[in-house]
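See the structures that follow.
Consider the two complexes below, in which chain A is the common component and chain B and chain C are the respective partners.
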Partner chain A sequence: MEIYINAVLLTLLAVTSCAIIRQRSLFGVVMLAGTYSFLMASVFVVLDAVDVAMTEAAVGAGVSTVIFLIALHLTKSREYPKPRSAVVPLFITLITGFALIWGTSTLPPFGVADAPIHEHTTPHYLDAAREKQIAANVVTAVLADYRSFDTLGETLVVFTAGIGIMMLLRVRRRRGPAGGNEGEPS
Partner chain B sequence: MKSDVLLRIGVKLILPYMLVFAAYVQLHGDYGPGGGFQAGVIVAGMVIVYALVFGAKAARQIAPVALVERLAPAGVLIFAATGVPSLFAGKRYLDYSVFGHDALHAHEWGVFLVEAGVITTVAATLIAIFYALTDREHS
Partner chain C sequence: MSVFAELIGHYNYFITIFLMMAGLYIVIARGNMIKKLVGLSLFQTSVYLLYVTPGKIAGGTVPIIDPAYSIYSNPLPHVLILTAIVVGIATLALGLALVVRIHEAYGTIEEDEIFARDGEI
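Right, the complex of A and B next:
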């Protein structure tokens, strides 16, 4: 059953990607990208990664769609009609795609329980979480207990990214010719 | 940006449920899927949805720019400060066992504080980015 759901979802993902490539109106591209994110979130749900699925649905399909729409509103909503030459990009894409497929050829088969990733640290996490009863959701246990330093770093990264974007977006406003409507400095 | 009645009423109806869902995702992260990151995005989504329908100016009145920009670093500080009490107790940084008498309680408090820091930073940063973008629209 699961393999059929996966097949349907992955086919729809491929169709959406092709539609994004064919689409010239950037508004349509943004909408299709939102669709892509929702499909990807569904794939994550099938893979039992519900935490990732929630993030993908909220950030990928929600917030970034809005941000892309604002960006379109600020710029132009049509793509340049023709790329100069498709040969070099096609070549690079083919090489990268081939390298990726070649790289996955040595990976353990999809969904196998005795893959190395499930035998190394995962049993330890699961056993410890059950023994100490720290968190029923082991993802939270890993994020907040075993790797709390990582999570602190991630929070810092989110904050730093925010600062960077705000600095980038504010620079031009200060230099801009229209000095009329900037009342509050922060 | 003021849209029709249906959208405005619909958004007003949906916002409280979004808030409750964000609180559920935040506080229930120990037991179900979710946690600070996901709840933070939902909270930011609330403000963004409100701004889309009622305009950025109205959104700035419920979540003022100055407040949002102070909350983003405050979240990182909450997270970082959570680790400090254990240092004074002679334990390792971010060791939650100082927050209560038994391990389970202490752990719950520790995770609660850490997640509070995460939701604050994530929500405030996303809202601040949104504000910074809509700010350019006006100028």
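Right, the complex of A and C next:
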């Protein structure tokens, strides 16, 4: 049953991505991107990745939509029709797509329990979580108890990005608000 | 039947690749910078799907230990992708800040116009 729910949600994702390509109003594009993120969160729930689904719904559909809307407010909300032809990009994407399909064709099919990914280190983590009673949620156990330094590095990346954004936007404040070209010292 | 089984077994990968190529197409073919960043996040999200898909076991359950269940889906891709989502939003915010700065300096966010103005100077 879940394989069919999964297939329907994935088809909806593909339709949404086509709509994003065709949409010219950037406001519409941002809203469609939010829809896309919520659909992706639903797919993650079907794929048993509830932690990822929650993060995707909060960060992908929530925070990133807000950030996009702020950027639209500060810039323009309309995309110009493009005079350049779409032949070369289509050619590149088709070639890459076929190469990737060829590459993934030998992967084990969806939902198989004896795929190599499930047999190498995963049983160790599951048994450890079961025996040592660190945390019932294995994702939390791995994230906090085994890979804390990963999370530290992640925090560092977010911190660096925050510093970068602050520096970029501080230059703007020194020169006056956006759009005030008349009063700007040359 | 075997063709259908093959198709449904790899459907996740087909859609993942389709989404990836949709993102790549937007990044290459569209000149608007905000649209480019939407395409980039499309690409990024499809990579999340590529990682989470093989972790699923049919009939398995969410990896939260409970005596009532014995088959759990693989939690390790979930851990990796949690990190990737947060890093992705950080880079996206930085990219949008750059777009805002470019808009202030050039008055446009269309790539062609920016190149044209660079040519004038």
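We take it that the second predicted complex is superposed on the first by the 173 of 186 C-alpha atoms of A that agree within 3 Å, B and C clash if a C-alpha of one lies under 4 Å from a C-alpha of the other, contacts with A are read in each partner's own complex, and residues count from 1 in each chain.
In the analysis below, contacts are C-beta pairs under 8 Å (C-beta built on N, C-alpha and C of every residue); 3 or more make two chains touch, one makes a residue touch a chain.
Please read these numbers as outputs of a predicted model, since none were measured by experiment.
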Touched partner set for A:A115, first chain B, second chain C, both or neither: second
First, second, both or neither for A:R170, with chain B first and chain C second: first
Touched partner set for A:W102, first chain B, second chain C, both or neither: neither
Of chain C and chain B, partner touching more chain A residues: C
Touched partner set for A:V63, first chain B, second chain C, both or neither: both
Contacts of A:L152 with chain B and chain C, given as first, second, both or neither: first
Chain B versus chain C as contact partner of A:L10, first or second or both or neither: second
Touching partner for A:L72 - first (chain B), second (chain C), both, neither: second
Chain B versus chain C as contact partner of A:V139, first or second or both or neither: both
Residues of chain A that lie at the interface with chain B and also at the interface with chain C: 50-51, 55, 59, 63, 67, 70-71, 74, 136-137, 139, 143, 151, 154, 158, 161-162, 165, 169, 172, 178
Touching residues on chain B, where the partner in the complex is chain A: 25, 29-35, 37-38, 41-42, 44-45, 48, 52, 65-66, 69, 72-73, 75-76, 79-80, 83, 93-94, 96, 103-104, 107, 110-111, 114-115, 117-118, 121-122, 124-126, 128-130, 132-139
Chain B partner contacts - residues on chain A that touch it in the complex: 50-51, 53-55, 58-59, 62-63, 66-67, 70-71, 73-74, 132-137, 139-140, 143-145, 148-149, 151-152, 154-156, 158-159, 161-163, 165-166, 169-170, 172-173, 176, 178, 181-182, 184, 186
Residue ranges of chain A in contact with chain C within the complex: 2-3, 6-7, 10-11, 13-14, 17-18, 20-21, 26, 29-30, 33, 36-37, 40, 43-44, 47-52, 55-56, 59-60, 63-64, 67-68, 70-72, 74-76, 79-80, 82-84, 86, 88-90, 92-94, 96-97, 100-101, 104-105, 107-113, 115, 117-118, 121-122, 125-126, 129-130, 136-139, 142-143, 147, 150-151, 154, 157-158, 160-162, 164-165, 168-169, 171-172, 175, 178
Of all residues in chain C, those that touch chain A in their complex: 5-6, 8-15, 17-26, 28-32, 34-35, 37-39, 41-42, 45, 48-49, 52-66, 71-79, 81-83, 85-87, 89-94, 96-101, 103-104, 108-110, 112
